[in-house]
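Common to both upcoming complexes is subunit A, partnered first by subunit B, then by subunit C.
What follows is the complex of A and B.
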C-alpha cells in the first residue's frame, strides 16, 4: 500500500529549469521516468497586454506590442500595422513593403537559428547552441544597424516603416547571407547528421495528422504531418510574397527529427527570399504613407473589426482588432501561434513520453510562452 | 477565390438565412449568427472545409449590455478567414461549448471565462483559473474593470524612495 502511494510523483518542469523555454511551467505526474499526466501552468509571464492596449493610444501601443512574443517581435508589429491599415484604408508604399518582408525574413532566420540551437540544451549537444546563438547575433547586429535596436525593433509602423535603409545595408546583408550559406553545411553535419540528435529525436515525439487537426496546430507542425504547403505566405500571400519564388518544405511523417529538418530547410528558403528581396527592392521611393492627418498621437482609426494574420516560425500568428472610432483601440485579441500545442497539446499528448524528452517536446513542437500568456 | 466567397454566401443564405455580410479586408468574411443557431453553423462550416479554429474571443459592448463572441475560422485550401459572431446577454453570460466540434477550443473557452466571465456549459474545466492564479477580483477584460483602481485599492498609494546617483560632472 505504502509503495503504491509513492508510485506516482509530481514533478515540476519550469519555470526555473534549464530545460524549459521561457517562463512556463508544466506539472508532470510521473511513474518511473514516464510521464503519466501533464498539466500546463501558464501565467508566469502574463502582463495583461490586451487590457493595456485598450488603455493606450493607437500609436503608443507600438512600444508594447513587440514584447508579446519575445524571440520574434517583428510579427507583432506587422499584424498590428496590417490591421490598422485595413481599417484605415491606407496603401503601403512599395519600398516599405519590401523592407517589411526583409525584416520578417531576417527575423525568421534568427528565430529558427535560436530554436535549432535550443535543441542543444535538452540533448546535451551544447556546441550547436553556442554556434547558433553566435550566428543569430550577427543578424541582430544587422538589425541594430537598420533599426537601432537588437531585439525589439519597433520599425514596422502603420503606414510603412520608420525610416529608409541606411547606406550600404543591402550589401552588408548580401555579404552576411553568403557567409551564412557557406556555414549551413557545417550546421548540417553538426545537427542533422549527428548521432546524438538521431538517437533522441528519430521516431520520437510523433505528431500525426489527426492530432494536428484536433488541436489546431499550424506552421511547421502542420506541414510536417500533412505533407501540404499550408503556409500563409502561399495560401494567403501578404506583403509581396506572391512576387518572390520560394518553396514550402513539407513532410508526411512528423517526428522530432523531421521538424528539425524542416526548420533547417526553411532557413535555406528564407535566404533565397532575402536574396530576391535585395534584387527587387527599388532604390528610391517613399517608405511611409501618411496615416490620418495631424498629430500621430491623435490618430483615430475608423470603426470596424478585422483579423490579420501572418506566418510566424510557429504558425499562424494573428491579431483581432476592434475599433470604435476613438483614439484608443476598443479591443485587441492576440492569437498566439503556440496556443494549441502549448496548452491542450501538453495536456493530451505529453503523457507517454519520458521526462527527459519533455524539454525536447517543447522545443520541437514550438512552444513560446510569452505569446500564450500575453 | 472570389467564387468560393460568393458560393459560401449563397450557401449560408440558403441554409441559415444569413444575409448581412461584411468584408473587413480581402479574403475575409464577417457575419452575425443567432445564438441558438451558432453551433449548427459552426458544425456546417467545419464540414465544408473550415477545419481550423484560429481564435475564440469576446468583445464587451458595455453600452448595449452585450458580450459578442467571435469565432475565427480558417480554411487552408482557399485561404478564407471567417468571423462568426454571436451576441449573448452581458448580465447572464452563458453559452454552450463547441468542444465536440473543435476540440482545440477548450483552452480558448477557459481564457474567455477567465477574462470575461462567460460560462461555457459542457466544458468541464472552463471554471478553472488559467493565467490568473488566486485572482479574486472581477474579470479583468470587462470594460468596467479599472486596473488602476484595483491596484490602488489592493496595494494602496505606495511611495517609492528615489535616491538617484548624481550626474557625472554635476553638482
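What follows is the complex of A and C.
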C-alpha cells in the first residue's frame, strides 16, 4: 500500500522552463517516465486585458492588445481594427490593406521561425534555436524600419496604418525574402531531416481527427489531422487574400513531425504571398481613412457588435467587440487560437506521453500561453 | 521529408566556420552599438518651451505611464499650464501615441534605447530637450499627417453673404447638431482655456455636454461662472480661443460658438432649470448694484443665487448697459439679451430703471438703505476728440449713436438722423460697430451707403478684430488707416470733410502717446457727418469730495483690491470697465468676484 502511494510523483512543468512557451504551468502526476494525469495551470500571464479594454479609449487599446499574443502581436491589431472598421463602416484604403497584409505575413514567417527554432529546447537541438531566432531578428529589423518597434508594432490602427512605407522598404523586404529562400534548404537539413527530430517526433504526439473535432482545434493542428484546407484566408478572405495565390498545406496523419512540416511549408507559402504583395501594392495612395471626426480622445465607435477573425499561426484568432457608442468599448472577448488544445487538450490528452515529450507537445500543438490567460 | 542517413552528413557543419556570423559580438554592443531605425520609438524628449502642459499625452497614454507634474517656478502665461509630463518607464509601452497627439509639437521620441540601472526610481523622469541621459540623440518616431491624432480643422459656422449689409440680420449662423458634435469632438479637455478665461469658465466641461448631448448640464456649467450665456456666446472677446492648445498646430476649437449652440438649442424649460439651478434660500441682506451692464448683472445674479435681496439701478430705460445699448443688433440680437436678463430677473433680481446715480439717487442714500453697494457703471461716455470743428452739431459720438440705433431696432424711436456720406474716426471694435451700423442705416434710408473710416494705426496694428476689418471691407467701408485726424472742415456750419495726415509714428521715443505726421501726405476725406469712436470713459461725478480724495484713480479707472472692494470703504465694491477696462467677460468675472466678496463682507458684519 505504502509503496503504491509513493509510485505517483507530482512534477511541475513551468512556469519557468526552457522548453516552456511563456509563463505557463502544467502540474504533471507521473508514474516513472509516463504522465498519468496533467493539470494545466493558466493565469501566470493573466493581466485582465479583456476587462482592461473596457476602461481604455478605443485608440489607447491599440497599445494594450498586441500583448495578448506576445510573439505574434499583429493579429490582435488586425482583428481589432477590422472590428472597429466594421462597426464604424469605414473603408480601408487600398495601399493600407496591402501594408497590413504584408505585416501579417511577415509576422507569420517570424512566428513560425520562432516556433521551429523553439523545438530546439525540448529536443536538445539548440542550434536550430540560435539559427531561427537570429533569422527572425532580421525580420524584426524590417519591422523596426517600418513600424518603429521590433515586437509590439502598434502599427495597424482602425482606418489603416499609422504611417506610409519608408523609402526603399519594398526592395529591402524583397532582398530579405531572397536570402531567406536560399537558407530554407539548410533549415530543412537542420530540422526536417535531422535524426534527433525524427526520433522524437515521428509517430509521437498524435492528434487524431476526432480530437480536433472534440476540442475545436483550428489552424495547423486541424489541417494536419483532417486533410481539410480550412484556412480563414481562403474560406473567408479578409484584406486582399482573395487577390493573391497561395496554397494551404494539409495532411491526413497528424504526428509532431507532420505539424513541423506544415509550419515549414507555411513559411514557403508566406514568402510566396509577400512577393505578390510587393508586386501588387500601389506606390501611391492614402494609408489611413478617417474614423469619425475629432481627436483620438473623443473617438466613438457606433453602437453594435461584431466578430472578426483572422488566421493566426495557431488557428482562428478572433475578437468579439461590443460597442455602446461611447468612447470606450463596452465589451471585448478574445478567441485565442490555442485555448482548445492549450487548456482542454493538455488535461485530456497529455497523459500517456513521456515527461520529456510534454514541452514538445506544447510546441507542436501550437500553444501561446498569454492568449489563454489574456 | 526523409531522415538523413549518411554518416558523413555532420561534416557539412564545418562549412559554417568560414561564414560571416549574423550576430553581433559582445564588445560591439557597447563600443559601437547598432543604430536604431529612423522611425524607432525610443526614449522621449520634450521641448519645455514649446510644451503647453496640456496633458493630452497623459490622457491618451494607454498604460498611465505619463504623469503631469506641476512646476511652481514655471512662469504663468496664457495658453500654457505650469505642468510638464513625467514618464514612468516601468509602465511605458513605447507606443508613441503621446507623440502623435502632442498639441504643442514638443514631445518626440529619439533613437536612444539603452537604459541600464539597478535603481527603479531612475526609470521615472521628466524629459527635457535632452532626454533621460542628457545626451543629444537623433529624433526617431515623428508625427506626420497620417499618424496625426488631432483634428486640426475647424468646422466653420455659416456667415450671411454681403447682402447682409442692407438689414440688421445676424451675420453668423448657428451650428447644426452635426457640426456642433464634430466641433466639440476636437476639444482635448486640457483646461488651458479655463485658466485663461477671466471668468474661469468651465469650458471643457460644457463642450463635453455638447458631445454627450446633455445640454441642460451645459447650461448649468455655463451659469456656474457666467450668467450672460447668450451674450458671451455671441460677442465675447474669446481669450480662451487664442489660448486653445489646438491653435498651436491648427484652428482653435470654436469655444464661443459651442457656447452659443448650447444656449440656442436647450429647450426653454431645461434652460431655465439649468440657469436657476444654483438659486438657494433667501438670506438676510440687501445689496444695491449701480449699473446693469455685464459686471452689474453678473454681481446681481450671483448675489441673488446666494439669497440676497438685490436692487439694480439703471440710468437708461432698459437694463443691460452695453449689451442693450452698445453691441449692434447684427452681432447680438435683442432676443439674446432679453433671454439673459430674463434669467437674471427670474433668479430674483429687481431692476430699477431710469434712475441715475448722482442725479436721481445719491451714493449716501444707497449706503444707508443697503448693506453693500456695487458700482458697475461702466465706460458709458464717449471720449471727445479736441480738434478744430469738433463742436459742430453734426459731430456724433459712438456710445450715444449705438444706443439710438439699438432703440431704433427695438422700434422705440425713429431712425437716427444720419447723412448719406459719413466718416468714422477710430480703429477699435466699437468704431467698426458704429461704421457697420451706419452702413445698414444708410442702406435702409438712402438705398446706398458711403462710410469712410480713419484711424491712427496701420491696418496691421489696428486694435479691432481681423474679422471686423475683413467683413467691413466686404460691406464697402472705405479705410484710411494710418491717417490721423487734424481738423473737421466746416463751411458755413456745414461739415465738408475730415482733414487727415499720414502718421509716421504714434508714440514718441519715451513711449508716450505723441503722434508724428508726414506733412507731405495729407488729404481731406469728404463727409457730411463725423462719428467719433476713439474710446470710452466713465463719469465719477457722483463721488463726493471726501471720496474723491480717498479713492485712487488711474487712467480713468479706480483702484480696488482683488475682490473689487475699496480700501477706504469696505461697504463699497466695483467691477467691470472702471476696474479692468472695457471687456464683457472681464465685467462678468469682476462681478462674480465682487459677489463672493460682498457675501463674505455681509456675513462678517
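One rule holds in what follows: the second predicted complex is superposed on the first by the 374 of 374 C-alpha atoms of A that agree within 3 Å, B and C clash if a C-alpha of one lies under 4 Å from a C-alpha of the other, contacts with A are read in each partner's own complex, and residues count from 1 in each chain.
Basically, contacts are C-beta pairs under 8 Å (C-beta built on N, C-alpha and C of every residue); 3 or more make two chains touch, one makes a residue touch a chain.
If you're wondering where the values come from, they're calculated on a predicted model, not measured in any experiment.
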| item | value |
| --- | --- |
| Which superposed partner A:330 touches (first subunit B, second subunit C, both, neither) | first |
| First, second, both or neither for A:293, with subunit B first and subunit C second | second |
| Which of subunit B and subunit C A:303 touches, first, second, both or neither | neither |
| Partner chain(s) touched by A:9 [first = subunit B, second = subunit C, both, neither] | neither |
| Touched partner set for A:134, first subunit B, second subunit C, both or neither | second |
| Which of subunit B and subunit C A:151 touches, first, second, both or neither | neither |
| Touching partner for A:34 - first (subunit B), second (subunit C), both, neither | neither |
| First, second, both or neither for A:216, with subunit B first and subunit C second | first |
| First (subunit B), second (subunit C), both or neither touched by A:318 | first |
| Complex interface listing, subunit A residues touching subunit C | 56-57, 59-64, 134-135, 137-138, 141, 144-149, 152, 154, 160-164, 166, 188-189, 192-195, 198, 261, 286-288, 292-298, 300 |
| Complex contact set, residues of subunit A against subunit B | 42-43, 46, 48, 50-51, 55, 86-87, 213-216, 218, 228, 230, 235-236, 304-309, 316, 318, 320, 322, 330-331, 333, 335, 339-340, 343-344, 373 |
| Subunit A partner contacts - residues on subunit B that touch it in the complex | 24-25, 27-28, 30, 51-55, 57, 59-60, 70, 72, 74, 76-77, 79, 81, 83, 102-104, 106-108, 115, 130-133, 140-141, 145, 147 |
| In the complex, subunit C residues that touch subunit A | 1-4, 9, 12, 22-23, 36-41, 56, 59-63, 93-97, 100-101, 109, 140-141, 144, 146-147, 149-151, 155, 181-182, 184-189, 211 |
